[in-house]
Amino acid sequence: MTYVCLTDADREEMLATIGVSSVEELFRDIPEGVRLKRELDLDDPLSELEIVQRLERLAARNVPAGEEISFLGAGVYDHYVPAIVDAILERGEFLTAYTPYQPELSQGVLQALFEYQTVICELTGMDVSNASGYDGTTVAADACYIAKHATGRSKVVLAESLNPQVRQVVRTYAPGFGLEVVDVPHREGVTDPEELRAAAEGAAAVIFQQPNFFGCLEPAPELAAAANDAGALPVAHVDPVSLGVLEAPGAYGCAIAIGEGQGAGNPLAFGGPHYGFIAAREEFTRRMPGRIVGETTDVDGNRGYVLTLQTREQHIRREKATSNITTNQTLLALGGLIHLCWLGPQGLRELGETCMSLAEHTKDRLGLQPVFPERTTFKEFAVRIGRPAVEAIRAARTRGVHPGYPLGRDYEGMDDVLLVAVTEKRTLDEIEALAGALAA
Amino acid sequence: MAAEESYPDDIRYHREHDWARIEGDEAVLGITWYAQDALGELVHYEPPEQGATVSRGTPYGEVESVKAVSDVIAPISGEVLEVNKAVVDAPETVNEDPYGNGWLIRIRLSDPAEAEQLLDAAAYREVLAEQ
Amino acid sequence: MKLIFERSREGRRAATVPRPDGLARAEAPQELRRRRPPRLPEIPENEIVRHFTKLTTRNFGIDTGFYPLGSCTMKYNPRVNERVAALPGFRDLHPLQDEEGSQGALELMVELQEILAEVTGLDAVSLQPAAGSQGELTGLMLMRAYFADRGEGDRRRKIVVADTAHGTNPASVTMAGYELVKVDTDKRGNIDLDDLRAKVDDETAGLMLTNPSTLGLFDEHIEEIARIFHESGGLLYYDGANLNAVCGISRPGDMGFDIVHINLHKTFSQPHGGGGPGGGPIAVRRRLEPYLPVPAVVRDGRRYRLEFDRPKSIGKVRAFTGPFGVFVRSYAFILAWGRELKTMSEDAVLNANYLLARLRDAYELPYDRLCMHEFVLSARNLKREHGITALDVAKRLMDYDFHPPTIYFPLVVPEALMIEPTETETKETLDEFADAMTAIAREAAEDPDVIKSAPHNRPVKRLDEVKAAKRAVVRYRFEDHPDLAAEPTASAATEAPKGV
């Protein structure tokens, strides 16, 4: 069998050293009543070749981006991830290491995470970032937890234009946190600051998304101001790819910035693993969940990095921890760091501009009715197509185009609406193909 | 840098390793040498607000070292008059001088009779012997 | 070593973003536009590669050497798993792709669910939770939903946790809105049954336990423990961190547990990635199935689909159906073992007992029993006699090219060293490790200074964690970069002192 390291001769010697006569005897403390008395009902072991063949057959039954022209977004996006990301992440010293509990052996991961934290703070305009959360939904729950304990209030307000899965996850965590969750409806595709302000009375936090789930640009500075006026913490859920062209949440009054990092550095991978990011103003440092890497020196005065402020975390603070998170999404966050360094500030700006411009071009070429014509959009927009979106998708896919996400799944009165995402990977020809597929 | 082990006779103790120096109808509170030694060098002190009420036997704040965080228990009840800002700024002061400069809060006693339930230095040393 | 920001030079770049000619330029409105660009490094591609490659030379993984971190199951991560996870049909598949276009992915998930149900001896599985901790929290949420549905939600407020538990257990209890009740461990390393009986009543929702425990010991009274909880109407939650010890030998469902989380990055070889990703799927008894997160992934004849219509579901704990890339790797790993998975656990337990036998004389053994896949030693004898602590032993092990075991956990053992070799180690490696540990015990008596000043061969010596906690520098401070090094750096362009 493939991964076995011991020979029968080894086993005999080892059993003798231990002082038992069989491997079976090593399990003598396990009561008879809980022993499995048959073989596991699994298949025969497969060789590496057979494993690859089996997995290839399964993979062949999927239609990935690349086998059709895809305009599907709605939270995760088909951006171009450069080759160096894989080349670096494949290295065993990163891939097969664990949490850097022993810093002298882990300066590689620790420094990389310190750089990641720095990049996230730069993008979001915040003072402290953790070393990653699970994804763009759980970091919203984290933000609510911070806000509850920082303000002493037990209500959180969510914009309806915030990703529905984010809202659903917050609602799943809320009962355990003792939080009431309130939605503020969108008005023509964005959130009304006055309505938000009213809803935010007595709230611990307000979460809105920029650009929002419809791809529209929210009046984010006014939303943050509305929350601050009500004494609630403004939390912005942002797209890292947009932060070369859109203002950083820290610059317009937000307390916390969160988001899904996937678009920077990770493949789609049918939904994961990806990484969530969470960053905050300095005053929330000790309330941050998860790992944080700090800079220090060693006994000779050399600069080095360590996990710090560990007393926040479960392995020390236990039932009073800021979160139970232990294993996070380090490798994926490193992918994000590498991708963002590869882009640089110019590249990130160009990427944002290109996506935005291609999306505008697509709107023009489609000639369909935008659902929110008054709104500026970033890389996604919602159009009415005059027939059930689900049918249009099926039809378009027979022509090799996946035209977008059916918003009717999450929003009333939108069964004929498609959410179309346009990334830098979409060419002008592909956009023509989309127009053709939807006109049919 | 840490002080030598000592348990002065002029103050009173609580079995959760906190002390109180009674001064008329006020008291100064802190943690004992044993507590700071168990924690190691302190890196953070989370004090109560001025004006807050502290109750005997319940936590009024937290101290943290690199490897542990510990509640600070009030040995006696009262209202917070003053928080020792020097410790907030330099928590290691507690390690250097746990009974002097390392004091944590000053309170006005709400029930001076509670002082009788506190341990003297000898009784506290006995508690330590049981640890 | 420089930070990547310290290698930045204005005007350098790695990426070009292609842009069609003549494309009209769209812009955000003035008030929403970025004013100052983020200070990402400006650096050519080869420098990026060199920077991260150099970082890898300052890191230790399973591929580097023996990594016996207790309760982390640092086993070999087969490379074929990386190859299959990178197949475009998996890697580039959008999670919102139509069901017709994702049948392969859905089938893989259903098969993995069925395998995990078989391995745990339970009925229904959700792959959604992103890691073990999230699996724990999900399990507790399930308990809450189950009891609320039966009208017992208000009454059952408490969860019992062993004093040897991972810190995640009590942290999860709090996040789920429950109260924590701790139960003691007895001298044999089992849960103290008298203490347990005193603490379980009709206000108890359930127990969180890992078996074998973090001491590496199988609780000999597990059947009685299960009886105590089920008689009081409570549920049992199994922390699967130590599942590597018992696959094919004893199943948590058969031990009496009702909810189990599995750590795919431990037992089922998802690479740890420097701290993640992981996977924390949960398996439950049939009566808890209605509460599992949505969507469920189900087999429908010969097709596979997502089922959202689960009115009693607790909701969603993570986006989409979970970390799919992790499922691919774990699935591939399990295919390699198949029904021989029992050998994996047998070898894991054999390796641990062998090391235990070789080390029990040089160190203190708190529980004199056969262990499971891991065991705990105490360095208390070295501390008492020579002032050498578990921390010192750990640092000195680095000089012998080993990653240290877990130290100072579980809390019930002073100067604890928790050692888990896993099954993917040869006898020679185990002997080398045992020799090193024995040598260090000898050095403690003969040359303690060499231990106290360890490690000697790493990029840094022992790091000042107090300084890091007191004045937390958690990002590169472009504005003033307060270098905490003893000698001030003249500018960002200067190499850090001592050429590291």
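Going by the order they are written in, the chains are A, B and C; count residues from 1 in each one.
Assume contacts are C-beta pairs under 8 Å (C-beta built on N, C-alpha and C of every residue); 3 or more make two chains touch, one makes a residue touch a chain.
Keep in mind the model is a prediction, meaning the values are calculated, not measured.
**Q** If each chain is a dot and touching chains are joined, what shape do you get: line, ring, star, complete or other?
**A** Graph shape, chains as nodes and touching pairs as edges: complete.
**Q** Please flag the chain sitting at the greatest distance from chain C, going by CA centroids.
**A** In terms of C-alpha centroids, the chain at the greatest distance from chain C is B.
**Q** Provide the C-alpha centroid distance between chain A and chain C, rounded to the nearest whole angstrom.
**A** About 19 Å separates the centre of chain A from that of chain C.
**Q** Could you tell me the distance, in whole angstrom, between the mean C-alpha positions of chain A and chain B?
**A** One centre to the other, that is 44 Å.
**Q** Please tell me the distance, in whole Å, between the geometric centres of chain B and chain C computed from their C-alpha atoms.
**A** Once rounded, the distance between the two centres reads 38 Å.
**Q** Please set out, as single numbers or ranges, the residues of chain A touching at least two other chains.
**A** In chain A, the residues touching two or more other chains are 310-311, 316-317, 320.
**Q** Got the chain B residues that touch at least 2 other chains?
**A** 44, 64-67
**Q** Residues of chain C that contact two or more other chains, please.
**A** 465, 468-469 - these are the residues of chain C that touch more than one other chain.
**Q** Per the contact definition, I'd like the list of chain C residues that touch chain B in the complex.
**A** Touching chain B: residues 408, 465-466, 468-470 of chain C.
**Q** Please give the residue numbers of chain B that touch chain A in the complex, ascending.
**A** Residues of chain B touching chain A: 44, 64-69.
**Q** Which bits of chain A are touching chain B when the two form their complex?
**A** My answer: residues 286, 310-311, 316-317, 320.
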